[in-house]
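Multiple structures follow.
One chain, subunit A, links the two complexes that follow: it is found with subunit B in the first and with subunit C in the second.
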Partner chain A sequence: MIESLWEEIPRFFTYYNWIFLLEAAVRTLVLTGVGCLIGFALGFYLAIVRVFRGKKYIPLKVVTIFFVEFFRRVPFLVTLMLVFFFCQGVQLNVSVFTVALITVCLISASYTAEIVRAGLESVHPAQWEAGEVMNFTLAQKLRLIVIPQAWKVILPPAFSFFIALIKDTALASQIGVIELTYVGKVFNNKGFTAVLAFGTVLIMYYIISYPLARFGAWMEKRFALSKH
Partner chain B sequence: MPYLSIEDLYVSYGHNPVLLGIGFAVEKGEIISLIGPSGSGKSTLLRALVGLTKPHAGRVFLDGRLIDYSNRRSLRETRDHFAIVFQQYNLFQNMTALRNVTIAPIKVKKRVPREVEKEAVALLEKVGLGDKLKSYPDELSGGQQQRVAIARALAFKPDILLLDEVTSALDPELVKEVLDTVRMLAREGMTMLIVSHEMAFVREVSSKAVFMDEGKVVEVGLPSQILDHPKAARAQEFMAKILRH
Partner chain C sequence: MHYTIHFNLVWKYIPYLLNGAILSFQIAILAFLGGMIIGLLGASFKIFGGRFLRGIIQAYVSFFMNTPQLVQIYFFFFALPQAGILLSPYQAVLVGMTLNAGAYLTEIQRAGFLSVRKSELEAAETLGMSLPQTVWYVIFPHICKVLFPSLSNHYIIMTLGTSMAAIFGVEELTGRAFNVNAVTFRSIEVFIVTAAIYFGITVLASVTLVLAGRWLFRVKGKVF
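Presenting the complex of A and B:
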């Protein structure tokens, strides 16, 4: 087997295969990166909505909770299909890549909303009260007092979710997005051994996820552990 | 007309009534101590005054104006006159001692940061923490944290300072440094409403003592009178219990 692998390698790493692989890596990267960014921004907003007080916010809060609970409970693949068929149903002419991107954002937003909510709730109510009696506005209480203290609870689960999300984007291959896992299958089908085809893909996933993990560790250090 | 006048105030937590028609008045410059057994509603009264707990009946007048606790603007205006120091200090954990003192004047009162900072340094020096400006709450002892909390309250320039059992969470040897700070404010004529279990301190600094039990004011009078010769049976019983040990 080792000999056949050795024999395959020159045929495998051709110019066009490299292009094919790198393009797929970029798709996985964009799916994850944009998913994390938009998802986190939207998730943060969804979590903030839940600390609003007052009757007029009740409808908004109900919609938020429904959104979060729905997308947290539906499996990734099912969400992918839902978005896919929804876009078809309303005759929205978008690429499968866009469908995958929307799905990743929806899922990422609903998960980070819960992570951020837990972070905000981890800050002692007395901190809110101290701000309240000093006439801080809600935005000021969040920005100056609560969110800075919530990072240490938000960041670790947020980054482990993001790293899990990289791997989840593999499911986008199911609707025909040519990302890393899809490419692995194509190489395998072309006759390369699974070890070579998926081994290469595995290394690419690692190359994408390792810096993200390091970045998460850096963020934790920067925002959560040391305040000096 | 008294500066702060509390009339027939009712507060409950859910179906659990805590204050049942509290009423007394506070003149400018007075130091009033609220004493009484745990659960008598002393802390709840302070929380109600600053609107952390909504009263559901009764009236509070501040400087002759009725406070409307359900109106945001009235509440904000009211809170401008009060500052409260909590039992658990409640310093902002993500800020240095100095920042804890300066943040509200800068961000809420929109004052010039340089001026505020100068005042804050002076306040922290006054409470004996001139060398701890850059320390975070978790690097300070309880007594030091509580003194920062008092400086933070003073930086707000309140007309009335509310002290909610400010020494109850402290080790015995740290109590004095905080009480000394309060004594200093008393000499300066700060109007204060103090919830305390330090009876010797109550006797020393307060101009009036209010004995509360089960959500009601049982007796009001000079501290010496309330502590030594209470008229109400419930107050006599309480004093006998706490003075015995």
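Presenting the complex of A and C:
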């Protein structure tokens, strides 16, 4: 097994294979990054809806809670298939990449909604009441009082969710998005040993994820210290 | 816009899907228990072990936490046969999920062990407790209370993770959903039903875990 591995290595690491691999890595990052940014914006609004007071907002709140809980409790693969077949059903002519992107947006919106909510709840109720006393609107309260205090609580878990999502997007290979995992499958089908094909993909994921994870840990420590 | 939703074809497959959900549950439980054992050993080695042992555990945890579970299972499924170890799809998924869970649970349990303060142990010593007494009355309740929320959270994540087994041909909930989809061609309906079943089993698991946590360890948890 080891001999065949050595034989294959020069055939494996050719210029075009590298290009293929790196392009796929970029696609994984774009899928996660763009999906996470859109998802974060969406999740932020979903979290703010839960702060609304008053009876007329109850239906809106129920819908939001259902949305958030639904996508948090359904596997990535099933959501992906739902979006995929839904797009097919309404004859929306979109690429598989877009389908994966929509899925990532939906899932990251619901997860970040919970993260942001925890952040908003971490601000003491007295601060909200102080804003009320100053006759601030909700937007002013959020912008001037709550978010400056909450973002330190929100950012570390949001970042670690982003890193977890890089690994979850591996499932997008199942509908044919050409990202890292798909490349591993292609190399394996081309006849390279699985050790080489999937080993390289594992190492690529590690190279992407490990520095980000270290940065996230550093951020968590730093923000935890500066809170006092 | 020419799609009409017909659930009537899918209804009769619901018992079939629910049987698949039992297999999902089985995979999740087995992988979780295996991961707990690995995590317990890993966390103990990481805290009490020597430099060499700590390095190995650190490498294992960092590797499995920074690569996707799917690719890990692919690796076990396709690469191990070349080394002469033949795994069935079910075994490959179980091994992959157990090792992945082991890495995460090592980290979770380590954080739990480290949360026991020195002053607690000193207080136990002042009361004249023996080591088994200290472990049983001081360390164990403390660790359980700290660990329970993160462990139950990870269990839910693992339940969702079992859907990956479908890719390798294990007939659990998602795998059976693919089968039903192939038979009926009612894709959207099939996956809506599947998603609803996943929603149901994870809510059930959350409620059970929260109640168990309240009753056993006095953890105040919330389902939603």
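Just so we're on the same page, the second predicted complex is superposed on the first by the 204 of 228 C-alpha atoms of A that agree within 3 Å, B and C clash if a C-alpha of one lies under 4 Å from a C-alpha of the other, contacts with A are read in each partner's own complex, and residues count from 1 in each chain.
Note that in this section a residue touches a chain if its C-beta (ideal position, glycine included) is under 8 Å from a C-beta of that chain, and two chains touch if they have at least 3 such contacts.
Nothing here was measured: the structure is a model prediction, and the numbers come from that model.
Colleague: Regarding the shared-chain residue A:Val78, is it in contact with subunit B (first), subunit C (second), both, or neither?
Modeller: second
Colleague: Comparing subunit C with subunit B, which touches more residues belonging to subunit A?
Modeller: Touched residues of subunit A are more numerous for C.
Colleague: Let me test your reading of the model: by the given contact rule, A:Thr200 touches which partner, first (subunit B), second (subunit C), both or neither?
Modeller: In the superposition, A:Thr200 touches no partner, neither subunit B nor subunit C.
Colleague: Counting only touches as set out at the top, which of subunit B and subunit C does A:Glu132 meet: first, second, both, neither?
Modeller: Only subunit B; A:Glu132 stays clear of subunit C.
Colleague: Output check: A:Leu171 vs subunit B and subunit C. Expected answer is one of first, second, both, neither. What do you get?
Modeller: Touch partner of A:Leu171: subunit C, not subunit B.
Colleague: Can A:Thr181 be said to touch subunit B (first), subunit C (second), both, or neither?
Modeller: Second partner only, subunit C.
Colleague: Can you give me the overlap between the subunit B contact set and the subunit C contact set on subunit A?
Modeller: none
Colleague: Which positions of subunit A touch subunit B when the two form their complex?
Modeller: Interface residues on the subunit A side: 126-127, 129-136, 140, 144-145, 148-149, 227-228.
Colleague: Tell me, which parts of subunit C touch subunit A in their complex?
Modeller: 1-3, 62-63, 65-72, 74-75, 78-79, 82-83, 156, 160-164, 166-167, 174, 177, 187-188, 191-192, 194-195, 198-199, 202-203, 224
Colleague: Hey, which residues of subunit B end up touching subunit A in the complex?
Modeller: Touch list, subunit B to subunit A: 50-52, 76, 79-80, 82-84, 86, 88, 90-94, 103-104, 107-108, 136, 156.
Colleague: Which residues, counting only subunit A, touch subunit C once they are in their complex?
Modeller: 1, 65, 69-70, 73-79, 81-82, 85-86, 88-91, 166-168, 170-171, 173-174, 180-181, 184-185, 188, 193-195, 197-199, 201-202, 205-206, 209-210, 213
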